[in-house]
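Here's the structure we're looking at; comments come further down.
Per-chain residue numbering starts at 1, and chain names A, B and C are given in the order in which the chains are listed.
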Amino acid sequence: MSGTRATITDLASRDRREALRIAEAILFASAAPVSTEDLARRLPEGSDVAAVLRDLQAAYAGRGVNLVRVAEAWAFRTAEDLAYLLRHEAVETRKLSRAALETLAIIAYHQPVTRAEIEEIRGVSTSKGSVDVLLETGWIRMRGRRRTPGRPVTYGTTVAFLEHFGLPALSDLPGLEELRGAGLLEGHIPVGFRIPVPGDDDALTEEEEPLDEADLLGYGEALDPEPEAD
Amino acid sequence: MSGTRATITDLASRDRREALRIAEAILFASAAPVSTEDLARRLPEGSDVAAVLRDLQAAYAGRGVNLVRVAEAWAFRTAEDLAYLLRHEAVETRKLSRAALETLAIIAYHQPVTRAEIEEIRGVSTSKGSVDVLLETGWIRMRGRRRTPGRPVTYGTTVAFLEHFGLPALSDLPGLEELRGAGLLEGHIPVGFRIPVPGDDDALTEEEEPLDEADLLGYGEALDPEPEAD
Amino acid sequence: MTGRDLPFEEDARPPAGEPALIVDVEGFEGPLDLLLTLARNQKVDLARISILALVEQYMAFVEEARKLRLELAADYLVMAAWLAFLKSRLLLPPPEKAGDEPSGEEMAGMLAFRLRRLEAMREAAARLVNRDRLGRDVFARGAPEPVAVSADVRWQASLYDLLAAYATQRQRQMVTRVHVARRTVWSLADAREILTRLVGRLADWVPLEEFLSPYLADPQTLATVRASAFTASLELAREGRLELRQSGAFAPLYLRSGTPRAADPVGEGRGNGKDSDKEGKA
C-alpha cells in the first residue's frame, strides 16, 4: 500500500509534506477560493507557498479533481472532462389526468376552440391547470383570439401533437362512424349528434384574430375572466 | 513532475484509472456521503466499486484529506490531526445541554429505546424538550413503536449522527464492547429491565412496529401520555 | 460533579422570606444523580460500594432537606421510600419464601447496576462529545459542486386514450341531454302544488286556462302543463278540495275552491266522457 502514496507523502522533507497536507485540507474545506496570501498566513512559518501550490496542482493534474486558479485565489474543481458527472438528467414520464385528456381531445376535434366552449362541451368548468398542463406538453397552443365580446383565446393542437399520436394530419382523427366501429360510442346516437372534422389549416379562421404581444409572453389567459374550478 | 503522479494515474488499466477519477470527482463534489450503490450506478459499467474505493482510500491515507466511511456511504473529510488549523472554518454550533448529551448517548448505545427507558436509565423524567432538541439536530429519529402496551415511540440515531461524530457504523461507538461486556447494555442483572443491543440495522426489530402517518407528520409524541418535566 | 460535598449546607439555605427551594435545582438531576454523587464520595469502585452506607447518606440528605424545609421533588421522596424498604430488606432476615419479590441483595444489586449504567452513559456521552466532530474538527468539502438535476418530463398518452376520453365525454353529454328534456315535464305533484296554491280560497268560478296562463307560454311544455293540471284538478276534486265545471265538450273548464263535506259528492266535471275529451285535446 505504501507504494501507492507517492504523490504527497513521499515528497521532499517532512515539513514540505506537512505544508502540502495543510494546504490541501484548507483548500478542500474552504467555502470560497483561498488567496495565496491567506494560504501563506495559515501555512507553517517559512513555507514556500508558491512551491506548495505548484506541487499540489501537479499532484492533482490528470485526476478527477484539479486545483485551479480562480481570479487571484485557488480552489479544487471537478476536472472539466468529468463535468457531465455533475449533471443528472432525469426523464420523468407522466400520465395526463382524465380531465386533461378530455380537454385535449376536445381541443383536437373542435379547434379552434375557446375555454368557454370546452367547458360547454365537457359540462364542467375546466381548470386552468388542465390547459396549462396541456400547454406544457407542447401538444396544444394558443392560436389567436375569437372575434367575440371578451376576445377569448382560441386553442388548437400543434405538430408535436400529431407526432406524438401518430397522426399524419388532423383530418385523420377518427370520425363518428369510426368511433362507433371501435366500440367507443355505444347505444342510441341522437339525431344531430355530430363529431367535427377539424381542418388542417394552421392559418387563423375568419372568426379569429392574432394574439397580442402579451399573449405571446404568456400572460394571455390572465386576461380572461373565466371561472376556475374543476 | 511526472514521477509524482504515481498514485492514481499509473494504476493498472486505463479503465481502472478512469473509474478512480470518476469516483474521486463524485466524492469530492459532494459534501454529504455518497452511498456505495449510488457510486456504483455512476461509475462505468463493470467497475469494481469496492476495489476503486479501497484504492482511493489508500491514495488519500496520510494526506490532508481522507476518504472515510459513514454507514454504507463514503465521503472526503479533512484529516483529524489538522483540526487545530481548520478551526477557522468551524461554524458556530449550538452546544447541547448535559441532559441532552446524556440522552443522546443513551439513545445511541441502547437503540431502539423508548422515552420511558431513557428515563429509567437517567433516573429522572426526560423533558420532551431534550428529545425535541435532539430531533432538531437531525441526529436522532423516531424509528417505530414498541409492541408493548401504550405502543411507545422508539428512538434511534441517524446517518447524520454517524457523520457528525465520524463513526463508520454504530458498532464503532467508543467503548461499546466494554459496556456490552460489563452487561451495561444488556439486561443481565435487572429483573424486569431488558435493554436491546444497538445494531446497525435500520430495519425495525421484532419488538417494533412502523410509525403511524401521524407520527411521520410530527404529531407522534403528542399521543404519548408520558410525563413532561425535567 | 465528582467529589462534590452536599451542597445545601452552604448554598441551598433559603434566604429569609423566600419560598423554599427544590433540591433538584441545586444541580442534581434527580435522585439517581444524587445517589451517584454520593456513591462517588465513597471513593471506591461502583461495583464495591456499600449500598447500606449509600442508603444512610441519602436518608441523611433528605432529612437535612426536610429540616431546612426545602421542598423536595416527589422523585426524591419515592426514592427515599424505596431505599427505606431496601434497607429493611437488607437488615432483616429474608422472609420464608417471598414468592416473586426480589431479595434485599437483588434489590441492592439492581440499584448498583443502575448507578453503574448511569455512570457508563455519562462517560459514553463525554467520549462521544470529545470525538473529532464534523464541522468542528473535521470538515467536509467547503464548496461542494452540486449535481444539477434537469428533470425532463415526458408526457404519456396514447391515441386510444385520447379517443376514448373524447368518446366517453361526448357520450356523457348525450345522456345529459335526455336529463334536461325530462325536466320540462310537469309532474303531477308539481301541478297539484301549484293548483292548490292558486285556487286557494277562490269563491268564484275561474277558467283553468287563466290559472295556467303563466305556464302555458312555452309551446314545448303546453301539453304537459295542461295534462298534469287537469289530472291534478280531478284528484283535488275527488278529495273535495276543488270543484270543477264544464258546460260542454271542449268548453272551458272552470274551477273554484271546494266545500269540504259538501252535499254534492260528485263534481260536475267528473264525467268519464269529459275526461277522455280533455285528454284527447291534450
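Annotations for the structure displayed:
Here, a residue touches a chain if its C-beta (ideal position, glycine included) is under 8 Å from a C-beta of that chain, and two chains touch if they have at least 3 such contacts.
The model shown is predicted, which means the values in this text are computed figures rather than measured ones.
Touch-path distance (fewest steps) from subunit A to subunit B is 1. Among the other chains, A has the CA centre that is most remote from the centre of subunit C.
Mean C-alpha positions place subunit B and subunit C at a centre distance of 36 Å.
Inter-chain centre distance (subunit A to subunit C, centres taken as mean C-alpha positions): 40 Å. Looking at subunit B, residues 28-29, 76, 78-79, 86, 89 sit in touch with two or more other chains. In subunit C, the residues that touch at least two other chains are 139-142, 145-147.
On the side of subunit B, the complex with subunit A involves touching residues 1, 3-9, 11, 20-26, 28-29, 42, 55, 58-59, 61-65, 76, 78-79, 82, 85-86, 88-89. For subunit B in complex with subunit C, the residues that touch the partner chain are 28-32, 75-80, 83, 86-87, 89-91, 93, 98-99, 101-102, 104-106, 108-109, 121-125, 163-167, 173-175, 179, 182, 184, 189-191, 230.
The part of subunit C that touches subunit A in the complex is made up of residues 139-143, 145-159, 161-174, 176-177.
The touching residues of subunit C, counted against subunit B in their complex, run 29-33, 35, 75, 102, 106, 109-110, 113-114, 116-118, 120-125, 127-129, 131-142, 144-147.
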